[in-house]
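Following are the structures in question.
Common to both upcoming complexes is chain A, partnered first by chain B, then by chain C.
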Partner chain A sequence: MRLVPGSVLGSTFGIVVAALLMGAAHSAPASDTPNPAADAKAFQKFFTDKFPKVKFEDFVNGPYSMDEGLYQQWKEKEEFPPYEFALDMGKELFAKPFKNGKTFADCFPNKGIGIRQNYPTFDEKQGKVVTLELAVNQCLESNGEKPYSYTKDEMAAVTAYMAFTSRGKPFDIKIPNDPRALAAYENGKRYFYTRRGQLNFSCASCHVQSPGEHIRAEVLAPALGILNAMPIYRSEWGGMGTTSRRFTSCNSQVRGVPLKPQDDEYRDLEYYLSYVSNGLPISGPGARP
Partner chain B sequence: MRPLTLALTVILLTGATLPAFAASTEADFKAAYAAAEAANNEAGKLRNQWTTTVSALTAAKKAAEAGDFDKAVAASKHAEELAKASIYQSQEQKDGWKQMEIR
Partner chain C sequence: MTIARSHTDGPMARRTAAGIFAALALLGSLGLSTAARAQSAASEGEKIAFDRSKGNCLTCHEIKGGTLAGSIGPALTDIKSKYPDRNELIAIVTDETKRNPQTVMPPFGRNHILTDKEISAVVDFLQTL
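Up next, the complex of A and B:
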């Protein structure tokens, strides 16, 4: 079901007010010294306390973890997963030699197999966060190939395959002892909690304060484990979408003009969100209603 | 409760209708449009443009092309108000984001 901003205003306004009240309730005195490890602990505790019945590993199933009926649907879907086609395409693209004879395997540690859980990584040479999507395009470009569009098709296929070979491996995002890495993490955190768009929502308004609630036909996913299933197949999209696609569409939903895929803010955001989900297994590619 | 004030301001601004003035000219439109565009560019620097601002700017341009300068000026002013609200939102959220942080 398409989320039309106009029609969602009624229900979302309720959430805004609720969000504001709750926001005030759990804001403790601010300590401004960055401490990612403490952040991750508090983040995970928030969700496990809020949803004591959800098994820790099940947070990777997005909306399906929030609703018994949906969970059944998910199990049924996994028998004939709609991402199968993308997975096959990804496997093929992954193995297919570039014009220079090299393949994706030449660009990645362990030949690109079973490594999804290590992305995003902070690349000290480039001085920035490198997501899996960016790494895929950097691989293509360094081999003289045309980069993929970030939002779907080939990019979704290749990252789906790479996620599939990493299923079950816990997110293991590292923040090296480099002030630039810490700054990127903090920037991502700020982006996650900052209200934007005409509806005045932050990512947290929906995915921290309202997971499990319905926005029209959709059930909001909890922010814990929210990237573990990427990329995802969505019936609403009629196909696959990457993390880039999800971020930009979540920005448009609040009537904010999305940034460009893989802009600094989005890569830093992905770094933050993945880090605070450390320990949760990769489950991608995912399928959504 | 500053965020709440902001939310309300935003909603009020959006609903606001503008009084109809006597026939606007192309020059009025150009001035109003330039002001709106400048505010929206500033919002862009803050990485926080609103889709509704962009739509209002487009509507203003369309009306001007059709020679309806009253409508074009009204849409430009609406766009400027929206852009200013988005700038205000960014400024307020510079520290305000911490309100919602899980700690």
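Up next, the complex of A and C:
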């Protein structure tokens, strides 16, 4: 369903989007008390109402959940997954000792296995949101190693492997009782709904208002479950890309200036988007058209 | 488009009504060149509408003559009968958020994505749909 001229807020769609938008606008000057749990519930209901035929767990399949024909193609693709190579490389990098003899396993809870669903996490010591990508580079740097580039290659490989060991585990993002954590969540939410760039799009313009619609030949993914498959292989990229890569390319698409990967705003954005997808299973690494 | 047709239907006619009487007075030759000019503006408008670095309207709208169209906005058909007033189309393309604050359609005029002249040509094209 799309907004019909002349009935701007007349459709339920308009009302719900308006409610989501107003929520963001209101929480900015801290008039309403922020309520992430209620946000997540409303957010999930918006998508399950809009797409009653899509199974809840299928929202993690992005554009494939929106289109029967694409879904078939995806099933076939999964027989020989194009991310296989990255997965092998990630497994190897994950196990390979650093110069000091330690490995990634020494930096993470449960030795880094089956923990992807807990990231991003709010780190009270650092006072900020720590994404899995940031945690990987902090691990490298604290062990005297060079950090990876955030957008692809080794970073995509290691996070692909870590996601793979967490497949099926539901996102379990926590907002601790710390005003800074709540502020980060609210900041991410504001970023998501704010229009920007010459073309005046917010993330929500495409992924809340228009999921399932074609934008040229591409089918827009719904914002619900949009990070569960990260990192992804994209035929269009001819390779793997991380969450950082996807965020910056979505920003450039709207003739906006992307932020630096892992900028505060991007980490807060990832925190918000992951939190509202709590309960949906990790499905990464993913493959996309 | 001939003078006779645009005289009986469509907004172009109204806009240029005064001119048409003058054109009729001067007989066919001048009238035809007016029509020819309108047509070249419309085809210029089509180019701008389809150009990915300009209007890129096909990203969201199905439009006759275009390929790989998106579906975010409604198919642009019967525009002339739906919006007989040319100014309404100018307004939509210039800044649709005025009519619908929630719209995802970019404000082509307000954000200087297209110049007034380009928008005018795009609207000439829209009126052929």
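In this text, the second predicted complex is superposed on the first by the 258 of 289 C-alpha atoms of A that agree within 3 Å, B and C clash if a C-alpha of one lies under 4 Å from a C-alpha of the other, contacts with A are read in each partner's own complex, and residues count from 1 in each chain.
We take it that contacts are C-beta pairs under 8 Å (C-beta built on N, C-alpha and C of every residue); 3 or more make two chains touch, one makes a residue touch a chain.
No experiment lies behind these values; they were computed from the predicted model shown.
Applying the stated contact rule after C-alpha superposition, one finds that A:Leu259 touches chain B and leaves chain C untouched. Contacts of A:Lys189 after superposition: chain B is touched, whereas chain C is not reached.
By the document's definition of touching, neither partner reaches A:Cys250: not chain B, not chain C.
Using the contact criterion defined above for the overlaid structures, shared-chain residue A:Ala217 touches chain C, although it does not reach chain B. Applying the stated contact rule after C-alpha superposition, one finds that A:Asn200 touches each of chain B and chain C.
In the superposition on chain A, A:Ile175 contacts neither chain B nor chain C.
By the touch criterion defined above, A:Phe43 lies against chain B but remains apart from chain C after alignment on the C-alpha atoms of chain A.
Residues 5, 17, 198, 200, 205, 209 of chain A lie in contact with chain B in one complex and with chain C in the other.
For chain A in complex with chain C, the residues that touch the partner chain are 2-3, 5, 8-9, 14, 17-18, 21, 198-201, 205-206, 209-210, 213-217, 220. Taken in their complex, chain A has these residues touching chain B: 5, 13, 16-17, 19-20, 23-24, 26-28, 30, 39, 42-43, 46, 189-190, 193-198, 200, 202, 204-205, 208-209, 252, 255-257, 259, 265. Interface residues of chain B, counted against chain A in their complex, comprise 1, 3-4, 6-7, 10-11, 14, 44, 47-52, 54, 82, 85-86, 89-90, 93, 96-103. Within the complex formed with chain A, the chain C residues making contact are 58-60, 68-74, 97, 99-104, 106-107, 111-113.
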